[in-house]
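Letters A, B and C mark the chains in the order given here, with residues in each chain numbered from 1 onward.
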């Protein structure tokens, strides 16, 4: 936010409110992601269930933010930084909502998984997911601090996530190859891995938005990509 | 607290009421004075518009006038009417002695001979016949008939003798005295005799003075105002001029009279007592009034109009002449008329330049000697005869009428032009 | 292409300096909006471009303003010819208190642009058509121009300005006295007029500047703080003062 406050105080209030709603929504997403990861790595179905239940909250936040944005555009006609603030809030909120959905999906699949998973696989999952978690946390911090360099860092480290996802995929494939009985769990794990990667992608989207919000410029060029994935979930 | 508020409120209302009452009474006072003034003027003046005539039988005897039976027009013009005129007056009382005959003669204006002559010239067939002729009564009898004359004074204190009154009353009884509209008040010049005095000379004098004044003051003032307002650089010198124009408007009019006397009459040797000199003197007085009015209305023209014209590429001169001046005209014109109305009522400077002289001819041009209406009022107010008292009031009425017409004209001009431009 | 180029323009009102070293290029056939808080000098700058500041005795303009390779602040510049080439529309509609026809024909008359009554009729008609007013007033050309509504009056003033086919039209807050519908009509008109004229508009409404202009300049306290393409200024201005102004953080 710019240093000087708005002449119209209620306008200032509305923008601050929008801002804090994004932060809160981001907080809920972080929590959902954390719990989903914990649920899958520690086999805790309580966590998984709470994530599924709490997704509703995140969805409500998205609706709220959307309304606030529409009101701001219609009634305040924001310009420059305020305009970017408003527009990015809309886009960030939809990315966050997707993150929430994906966390919910992970949790749903977690409930269907067997008790025992190979350590290598869990380690790989933990590696990629903790990285994604870190990304999400730092991009929310970047948004709070209006830091374009932090956003840039997040954007660039998406490459690492892709690599880690590939490693994790390899573990899952290995797991699948081990036993035909693993087919059910393996498929779920493939989706879980893919979802974690998707969350990383959404985090990168948010990073792009934060960068635009702060600098008014778009992050140019293709998003950094890791080595081509061996197995693709969707696409 | 609340009670205090209520008290204060009541106080505020009552002070407003008091103020309104004071305002209303001020207006009432003003109206009262005006009403008294107008009542006074009208009550004393309206009789001046009536004139008393004695109807006297006149015998147009050809022999007495040394005329033959069929006289030519020249003969009629040159004939001696004095004898028949005297005779017809003496006939009113056949037993009158010489003194009484003299008094009989004085019952009518000295003009009676001419009135009788006019009657015959208008109708030559009257020669040798007797006809009732309207003859202007003397101003004293005029006043008696109008009831303005105290009849109960002792004879030696009044100008009408008992004998004249006796004859007059007889004539009244016979219906031989009539009061008719006094046309001569408007068509005759001034006269020493109240019954014959008219305002024609001073009225024309006033009109000529005003025309001269307008012809000089208006163009000079408008040009000066336009230059000062639109073209002159704003500096100390123009400020100085502006202050002096305002001062000039406050200079007492008699000073302008002295100026006229000292310069126009003494240096330029212009003819005395003429509307020309009067008009020039008045124009000096009117000049600042018109300049101020014209500048004010030039200032009132919205600057946006000037900007619009300038932005179209009009030069300053074009902007002024095409837009500003036409827009300022209603204000200028009504200011001019107000200024002229002031000049019309001005007396002092005209007295100084000699327009106070007794003028018994009607001026035909601004170069002829003339009086002016306010000066005429002054002259008549100075006169001793009773007959002039009502004339003063009548003259005031004419002057006021003149002023009202001029102001009305100013209003009409203003409305007409403003309607066109709004 | 650059139509007008202001170089190091300073303006003084008496001892007070109103504009400080303004450097601004105006592109041909584009709408340039000048924005800024009241008293920032944007109108003063606008009035430099057709030397309307000459009217004010104490006003002094320094620096170069080059139009068509000609410095209008040169002594040899003829103001009448300059103003024929650079029309102006003012804040308050100010039609002459004359008929519509006389309003439009005034400029062509004083500049001798029409040889006959017929030619003048044509000029009046095309000017009014370009100003999108013809249909509304064609039956009452000889009625007073002051009888029109505010928006119509302003379009009349625009028609009057374009009657002499100026290359540049200056507009000093042309919509500040108009309702939104009339404002929209004027804005549409500005969009049309930029095909043939270069337009510079001073406005208090940032939304208007954003809507009508291709380029925007932001003035503050007599300085040109920032200028550039309108979308850049309104989406992502370089200067924080500009940003604070257009987002309503001071004013």
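Here is the rule we use: contacts are C-beta pairs under 8 Å (C-beta built on N, C-alpha and C of every residue); 3 or more make two chains touch, one makes a residue touch a chain.
Quick caveat: nothing in here was measured; it's all calculated off a predicted structure.
Engineer: Please indicate the chain closest to the centre of the assembly, with centres calculated from CA atoms only.
Structural biologist: Of all chains shown, the one whose C-alpha centroid lies nearest the global centroid is C.
Engineer: Once every inter-chain C-beta contact is counted, which two chains account for the most?
Structural biologist: Comparing chain pairs, contacts are most numerous for B-C.
Engineer: Measure off the straight-line distance from the CA centroid of chain A to the CA centroid of chain C, and report it in whole Å.
Structural biologist: Distance between chain centres, rounded to whole Å: 51 Å.
Engineer: Centre to centre, by mean C-alpha position, how many angstrom separate chain B and chain C?
Structural biologist: 59
Engineer: How big is the gap, in whole Å, between where the Cα atoms of chain A centre and where those of chain B centre?
Structural biologist: Computed value for the inter-centroid distance: 103 Å.
Engineer: Multi-chain contacts only, two chains or more: what residues does chain B have there?
Structural biologist: none
Engineer: What parts of chain C, by residue number, touch at least two of the other chains?
Structural biologist: Where chain C is concerned, no single residue meets two or more other chains.
Engineer: Inside the complex, what are the residues of chain C that reach chain A?
Structural biologist: Touch list, chain C to chain A: 206-207, 210, 233-237, 240, 242-244, 246-251.
Engineer: So in the complex, which bits of chain B are touching chain C?
Structural biologist: 233-234, 302, 304-315, 318, 322-323, 327, 421-422
Engineer: Report the residues of chain C in contact with chain B in the complex, numbered from low to high.
Structural biologist: Listed in rising order, the residues of chain C that touch chain B are 50, 52, 55, 57, 80-84, 87-88, 90, 92, 94-97, 106-107, 110-111, 144, 146, 157, 160-161, 164.
Engineer: Inside the complex, what are the residues of chain A that reach chain C?
Structural biologist: Listed in rising order, the residues are 2-8, 11, 77-84, 215-217.
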